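Chain lettering (A, B and C) follows the sequence in which the chains are written, and residue indices restart at 1 in each chain.
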Amino acid sequence: MTAAPGAAERTRPDLPPVEVEHVSVRFGAITALSDVSFTVEPGTIHAIIGPNGAGKSTMFNVLSGVYKAAEGQVRFGDARLDQMRPFQIAGIGVARAFQNIALSGTQSVAENLMLGRHHLTKAGFIAAGLRLPRATREGKRHGERVAEIAEFLELGDKLHTPVGVLSYGDQKRVEVARALCTEPRLLLLDEPVAGMNAEETSRMAEAILEIRSALGISVVLVEHDMGMVMSLADRVTVLDFGRRIADGTPAEVQADPEVIRAYLGSGDDISPSETADAAAPGDHPSETPGMHS
Amino acid sequence: MSETTAPPAQGPARNVDRPAVAAAPRRSWLRPLLLVVALVVMLALPLYVEEFWLRTGFAVFGAIVGAIGLNLLVGTTGQLSLAHAFFLAVGAISYVFVSGESGGIGLADLSGLGWPPLIGMIAGVLLAGLAGLIFSPIAARLRGIYLGVASLGLVFIGQHVLNSWTSVTGGFNGRSAPEFSLFGFTFGNTDPDLFVLGVPFREAERLWYLGLVLALAAYLFARNLLRSRPGRALQTLRDSEVAASVMGVNVQGYKARVFLVSSMYAGLAGVMYALSIGSVAPESFGLEVSILYLAMIVLGGLGSVGGAALGALFVTALPLIFQRYADVVPLVGGPGEGGLAAGEAARYLFGLAIILVVLFQPSGLAGLAARFRRKGRDPGGVRPTGHSSAATSSSTSNVPSDRPAQGSTT
Amino acid sequence: MTQFLSLLLNGISLGAIYALIALGFVIIFKASEVVSFTHGSLLLLGAYSIARLSEPLGFFLGAVVGVAITALAALAIERLIINRLRGAPVISLAIVTIGVDIILLTELIRRIGSDILNVPHPWGGGSFRIGDVGISQNRLIATIVAGVLIALFFAAFKYSSWGVSMRASAEDGETAALMGIRLGRVSALAWVVAGALAGVAALFLVGSPTPGVSPTVYTVALRAFPAAILGGLDSTGGALVGGLLIGMAESFAAGYQDQLLFLGRGFGDVVPYIVMIAVLLVRPSGLFGTKELTRV
């Protein structure tokens, strides 16, 4: 499998494509997704867009195993994601950041991030309760890595703050950081900049590009901010009423009459907005935080 | 999965000198000092305090163990359980059966193994764990609130089984609990006679130390657990099962395991209860016991290990103190004197306290204590804005809902 | 065969009473997301009020006022406590109802003491027979009244504006609120209805063959909880089916207890819980409860 244009210079060698084939999801009489197919090439940033209610989050829930597909398959290398439970999917390197922040508000940033290390660590009830040396060592070693990732997402000074008191933008970054802490091969980001201001949005966009190129992983992105999608994504899949109506490069999708019709009907705007221009890669390469060692 | 999967070279940011996250922020020296003082006081107490208080103390230690166990399940993991009394019963009765002697009391023929009390205590813990394990497939699959009602069933079924199984339990009359002993040293009044600084150390004094050690061990184990990998997983699944699962936590596995651990804590608390009362009957482990334990952890502060201990102290000691000082406490009368019985007065208070805590102080006594501490140190310091530590903070009120009706749309 | 029919009939009548209680339990859950552990003591309150009031007021007026007291008590709980906790975690809500239960139950038990209060049902303790198949008149009337009430309830639930708003708010509270449904009102009404249903259930539960009002009525009321759970906490139809199932299971276990003696005396009392656990093992959301869409 060759990497798509725009993919990271150094895609992880163990990174297969994600192949979504003819997936349908139903809730009772409602069909949330019908016969959706697309492929996420290794090392690309792949956006899923569509008007409200198009089924984007449902698709994410299928990819992460939370919803069961009524029909179709989702393959990630040899693994059949549609047949696995979410924690098993996490175990093979698929991480997800939630749209609605799903952090433990009473726990500190560090503790929330350490949860990302769950599948990489082993300490069980007995080892942890008795503070066996191996549990302590393990916690310490992974704590260091967590601190690095927090630093990268500009959370270094908030490690011991309870998440509940952080600003919204910070909480969104904790979400992404926690997903990164699982050392994913495939990163699912559900509206990572929703509700952020222009400056936060552009910093997040840079971070996403940096993540992709430094780690060589694939990123699947659900996003409303059209400018951000168009400037970041290598490939875009457009959903409308649970169906795939377009799939291609940002330029192709933007020119697609059916996409334009869907967006006109919904009142959303398909053309890039101001904020997104600011987020375009290459605008502030020197400011990329913590990436160059 | 190996621990070495963390690829240092692949990381976005290498060589960043950072203190390990696992280390909490710097604490003041005051806290350890206070702990040492408290410990010394606890150790010296039997030299100065009369038997009533030591016996109450041992009952409190037992309750602390049980409450910590329940809090792991309810407070930390968000799984409501009313079955705690049942697991206490299994622990207590296993102890009297394994370490008690065979023989007849009145009409009942009792069987017992007559094994050393230490074995009996361990058996109590393990058998309670086994009972928990048998129920855990249900506990693991049910959402917190369904578990609340389902566990109600365990109390009634358990009572029925224990009442019917007279040869082991003594039925309605119960049976006496053998004295505890450890490698030949009995925790009774004599054998050997023991004096420390001229004070006779009899059963009450000896049990005090036993209770202190067990409660401390239970406390430390739970605290360590909460501050580490399994504890984080449990707290996250309380806030959102979906998020925990997506982050790699085997939610059902963890719910089953915490249920097991909680029932083992209850088993130990049951053994301690048997030692404290000197006898056990299935009747003593009714639904009201489960509810009292729930009261302990709610009053103490859901999810807080220290809170559970505080709550256990409050709920266990209060009725005993009311009873003893019936003539001083307003509204409370002794038996036959009119006024409220001590137990009743305490129950009104617990009921009211539960309501007030949930309404106004969801983090319980532990939260209150934390607030005082903060006042002393940094006024206006950070305070998580959760409605209740039992569930979520404001930030997680719109998690990828466990009721996914609204999650089904984009 | 006669015994079988007899037990079946008694089981259905007991089940009808359980269904009334379970129905209240379910609508409270649907309207305010509260699992009300107060329901047992509410029922005892109803029984106690009816017993105390039917002497001065006469049976019928006493019963009506007793039911009203139960409904008002439920309303008070909702207004004073539950309403202030809108949006709180389900588990906190359940715990607060346990707090209320402790107070109410302690007070009632203190008042009742070791007495058994008698409720002077005008139909007395007689029984009604068709051939050899018999049922106490009290239970027969209970079945009829419960049947009528349940039918009325389902009609109201389906057609009245209250029923519609309640179903809407159970479906999606936020949207319902945006559509102008007043969640507080829906919830308050649900508690009133649930309280009244518990009061009616109490009226019949303390009649023949039960000797009268004693604290054990509380334990009997608790057996309606499994009925609600096994039917599915958010399913009104489930409450009905669950109530009947539990009633029949209990009746048969009690009726054949000589054959079941190896399971211990009084096995019938725990059968509801065994049935519940068996059902939950297979269907974690009960028979008709909304299934979880998410896998974890």
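Worth a mention:
The rule is short, and it goes like this: a contact is a pair of C-beta atoms (placed from the backbone, for glycine too) under 8 Å apart; a residue touches a chain by one contact, two chains touch by 3 or more.
These numbers were taken from a predicted model, which means no experiment stands behind them.
Compare each chain's C-alpha centroid with the centroid of every protein C-alpha atom shown, and the nearest one belongs to B. Of all chains, the one whose CA centroid is most distant from that of chain A is C.
By C-beta pair count, the most extensively touching chains are A-B. Remark: chain A and chain C have CA centroids separated by 48 Å (rounded to whole angstrom). Centroids of chain A and chain B (each the mean of its C-alpha atoms) stand 40 Å apart.
Annotation: 32 Å between the Cα-based centres of chain B and chain C.
Multi-chain contact residues of chain B (touching two or more other chains) are listed as 242, 244-245, 251, 392, 404, 407-408.
Under the contact definition stated at the top, the residues of chain A that touch 2 or more other chains are 27, 61, 65-67, 85-87. Looking at chain C, residues 293-296 sit in touch with two or more other chains.
Interface residues of chain C, counted against chain B in their complex, comprise 35, 37, 81, 84-85, 87-92, 94-96, 98-103, 106-107, 110, 171-172, 174, 222, 225-226, 228-229, 233, 263-267, 269-270, 272-274, 276-277, 280-281, 284-286, 292-296. For chain B in complex with chain C, the residues that touch the partner chain are 74, 78, 80, 137-138, 141-146, 148-150, 152-154, 156-157, 160-161, 163-165, 241-242, 244-245, 251-252, 287, 291, 294-295, 298, 340, 344, 347-348, 350-355, 358-359, 362, 387-388, 390-392, 397, 402, 404-408. Put simply, chain A touches chain B in their complex at residues 27, 30, 32, 50, 52-58, 61, 64-67, 85-87, 89-91, 95-96, 98-107, 110-125, 128-131, 135-136, 138-152, 156, 159-166, 171, 178, 180, 182-183, 210-211, 214-216, 222, 239, 290-291, 293.
Residues 1, 3, 5-8, 10-16, 18-25, 221-222, 224-225, 228-233, 235-236, 238-240, 242-251, 257, 261, 303, 382-386, 389, 392-396, 398-400, 404, 407-410 of chain B are the ones touching chain A in the complex. In the complex of the two chains, the chain A residues touching chain C come out as 27, 61, 65-68, 85-87.
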